[in-house]
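Each of the next two complexes has chain A plus one more chain, namely chain B in the first and chain C in the second.
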Partner chain A sequence: MTPRALLHDVGPVALAAAAFVLGWKLLVVVAGYPTFVLPAPEVVAQRLVTAWVDGTMEPHAAATALEVAIGFSVGSTLALGAGYLLARSPLAGRLLSPYLVAAQATPILALAPLLALWFGTGLLSKVIICALIVFFPVAVSAMVAVRSVDRQLIEMASAFGATRRQVVAGVEIPGALPVVFGGIRVGATLAVVGAIIAEWAGGEHGLGVLINLARGSLFDTPLLFATLFTIAGLGVGFYLLIVLVERRLVGARG
Partner chain B sequence: MFGVAPADRGGRGRRGAVFALGILVVLGAACQGRAGDTSSGAAAGSGSAAPTPLVVGLGYIPSVQFAPFYLAQQAGYYRDANLAVTFENKIDPDLITLVGQGAVDIGIADGTSVIPAVSQGIPIRYVTTIYAQFPNIVYAKASSGIRTAADLRGKSIGTPGKYGSSWIMLEALLASADMTPSDVDVRLYPDFGQGTALAQGAVDAATGFSNNEPVVLQLSGTPVNVLHADASVPLPGNGLIASTATITAKHAALAAFVAATLRAMQEIKADPAKGLAAAVAQVPDLGKDQATQRAILDATIATWTNANVAANGYGAIDRSAWAATVSFMAKLPDGPIAGTPPTVDQLVDESLLPA
Partner chain C sequence: MVDVSYAYRRGTARRIALSGVSLEVATGEFVAVIGANGTGKSTLLRLIAGLLTPDQGSVSVQGEPVIGPGPRASLVFQEPRLLPWRTTLDNVAFPLELAGWRSEARRARAEELLRLVGLRDADHLRPHELSGGMRQRASIARALILEPAVLLLDEPFSALDALTRERFNLHLRALWRKTGASVVLVTHSIPEAVLLADRVVVLTGHPGRVAAVADVDRGTGSGSGTSAAGSDSAAAAIRDALRSDASLPTAAEDGW
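Coming up: the complex of A and B.
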């Protein structure tokens, strides 16, 4: 990437970030908010650096990243299979769709304590919660994507003697990928939300646990903000990773 | 970078900046709204005829434990003091921040939470003791053989998390027997299921409140042993807190509120049925099992008194207990105090107590 292209790409993002920080600082100065209500950006930045340097943040961030990675992988893999089944089997669609929608409509916040009770407060319950929250958008996007693949292409491939496996690998998957990745992008951000909710339901490590500590025990509002920025950074990083994979497989979106 | 079409990137960057500023404006308006509530309340307090509005923060769930507040409201003690009191139920961390901000005028909070909050610069003071005995305890079935803190060595203890008043109490209790949490098997129940776990035999002991879980378990026919940390470290129990600004702006109103509440406490101690009736009137659901609620109220009344209160009256603040607690919490390796530990003068304010 040339410097000019990089500037073109990153410039607007940096401009928006600078405007946000400037507005935030102005708000704190003009309104005179104390640190425990709204800390200034430099206070949060300093706390963010301190929390990483003194080792407060790292174990929590690592725990959450692991939960997100495993939960997203499990949830999206199962969802892709389910989405394909829903698209190609009307019976499966009729049987499973109502339950999928009902599961999605049930607040994960209410389910999380139950799952922690059944599966403990370790990694398993967190992976399940992440997988559950990722499942619906990925499954629905996969179903829509497979259904939207041009029937004529499939028929043409079959007419040329392609096996079922060759049709799936050569026609359906490439045709469905752009739409599937739309759901995967949504799922990637939701996976981070799922991990935080799971950590609120129990556990010793994780950025959700650190939020509870900062808010409920330490009354450390700058640390609370620093943790929120770390969560946002984790979400953005994970999202960008998905975008990179998408670009490799599908190409840049217009 | 996010898959935006090149021709549209500049426009989206500008829109992003506008959106970011928009978020800040909304955030500012929300914060300003709360600050505005405070100033209007303070202004009303300066009037002579109109009742002074007071927003009072109680614990998360309306309960018989708040009977003095309900009785004072229903019997008109607050009204007679020219106060217009409204109750809000909040969890401890939210309440402390809201009180510090001035959005809640006075509220009941745990003493061990006040110390880290003040160390972080939240301008609050503990103004009246309600629970003279620290209500957080460890309890076990009598059949477990756990009778003292030393008996906990190697045992499993259920607790919601390694933070907050229960955790501080557990550390104090274990320290009294020369132990640390590493000498026991701590099991976390963030959904507060440690009581159920104890009842089902999943843990040997659990943290709880002296006026709640052990009372209920005992009533169900299971004899219980209760371990208090007060003997080793006299931790300050829940009491009323207010912000320094509110104490100044509404001093007379807050003092009248404290006096009316203490009057209700004395009346309930003399006649607990009065407190139960007030609680049922406030929260009709409590009337479904009045025997249990009465037992909880009796246990609550017992926590209102200790040697200091017996000598100085309801509401009295034990400064030596506060000093001992600050000293204890400052020594904890994972202690919640930030920086230099606050002094007792930075934590308590006795000016609202009756002379």
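Coming up: the complex of A and C.
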């Protein structure tokens, strides 16, 4: 990347960040909030660094990252299969659609305590909650994507003797990818939300747990903010990873 | 094909597209099928290609019944139908890939075909980088790559401008001579049918039936051009057959 292109890409982001921090600082100074309500940006930055250096943050961040990675993988894999089924089998569509929508309409926040009760406060319940929240957007986008694959291309492949499996691998999957990735992007950000909610519902590790600790027993508002930034960073990092994979797979198309 | 009928079904509704159509194409013969919209021209090609199975009658290629899509008959569609994420080379090689060819053999054969249709320099481009004519040439190369006994063309140049179309028709005839395949060309255009084909089959009515078969006299000896008198008489015969189609509104009924 040339310096100029770098400036073009990163410049606006840096500018927005600077404006955000400046506005934050101004708010603290002008309104004079105490640190336990709204700490100044430099206080939060300092707490963020010490929390990482003294090993407070790292185990929690690692736990959340693991939950997000496994939960997202399980949820999106199942959702891709379900989306294909929904698109290609009218019966499956009629059978599953109402439950899918009902499950999505029930707030995951309300379900989380129940799932923690059933599956314990370990990794399993977190993965399940994460997978659940990822499932809907990915399944719906996969369904729409498969339905939108050009019928003429499928007929073309059949005319050249493609088997069902060859049609799926050679036409339907590559044809559906661009639309599927729209849903996967949404799912990637929701996966982090799911992990935090799951940690709130019970558990000993994770950034969601750390938020509760910082707010409650530790009464350490700068740590609360530092944790929020870590969560946001995790989310953005995961999202960018997905975008990178998307660029590799969908790449240059007209 | 012998006495073939076919009806499209949607739910309980049936729309008969072809009724009792028989057609024989000799090895290496160029046959054009002409008719108005809805006379089952495309259905006819899909039956020969094995994409559709006749309700009645039978279709065979090289003496063997067609039971499904196979390498003996391949179809060039009205649209190029290239896979947008593949290069020209990989699009042309697609049937080889489906047939399980190894990658080096695929490449060599696809390059040969690209040379044949004049796309050797465009092998690395994707469909959106090609012109309409180039895309359709790639689609023809793809159809020829498994050396089919019958090449089926469904109005392949209808999306091209008139001048390009004229040029492509001449190339098509040359290509046909080179490959030695039988060709069945579906078209709307009488001049095109007469220019290209040895024999023109006229389909009329709903469902479609064979109304007339006109032989195009290609003169004797020369073998390249069509004698003017021969093509004129063939064209006249086709026009007569089309005009006698009772299912079509007459000029007066159309309000002309």
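One rule holds in what follows: the second predicted complex is superposed on the first by the 251 of 254 C-alpha atoms of A that agree within 3 Å, B and C clash if a C-alpha of one lies under 4 Å from a C-alpha of the other, contacts with A are read in each partner's own complex, and residues count from 1 in each chain.
Going forward, contacts are C-beta pairs under 8 Å (C-beta built on N, C-alpha and C of every residue); 3 or more make two chains touch, one makes a residue touch a chain.
On a predicted model such as this, the values are computed, not experimentally measured, just so you know.
Applying the stated contact rule after C-alpha superposition, one finds that A:Tyr33 touches chain B and leaves chain C untouched.
When the two structures are aligned on the shared chain, A:Ala19 is found in touch with chain B, with no touch to chain C. In the superposed model, more residues of chain A are touched by B than by the other of chain B and chain C.
Touch criterion met: A:Gly202 reaches chain B, while chain C stays clear of it.
In the superposed pair of complexes, A:Leu91 makes contact with neither chain B nor chain C. In the overlay built on the shared chain, the residue A:Gly216 is in contact with chain B alone; chain C does not reach it.
By the touch criterion defined above, A:Phe160 reaches chain C but does not reach chain B. When the two complexes are laid over each other on chain A, chain A has residues 252-254 in contact with both chain B and chain C.
Taken in their complex, chain A has these residues touching chain B: 8-13, 15-20, 23-24, 27, 31, 33-38, 113, 116-117, 121, 200-204, 209, 212-213, 215-221, 239-240, 243, 246, 252-254. Contact residues on chain A toward chain C in their complex (touch as defined above): 152-153, 155-163, 166, 170-171, 174-175, 250-254.
Contact residues of chain B toward chain A in the complex are 1-3, 5-6, 9-10, 12-14, 16-21, 23-25, 27-28, 31-32, 35, 91-93, 96-97, 100-101, 113, 116-117, 119-123, 161-164, 167, 188-191, 193, 336, 338.
Within the complex, the chain C residues that touch chain A are 49-51, 68-71, 74-75, 77, 79, 81, 83-85, 94-95, 97-99, 126-129, 142, 146.
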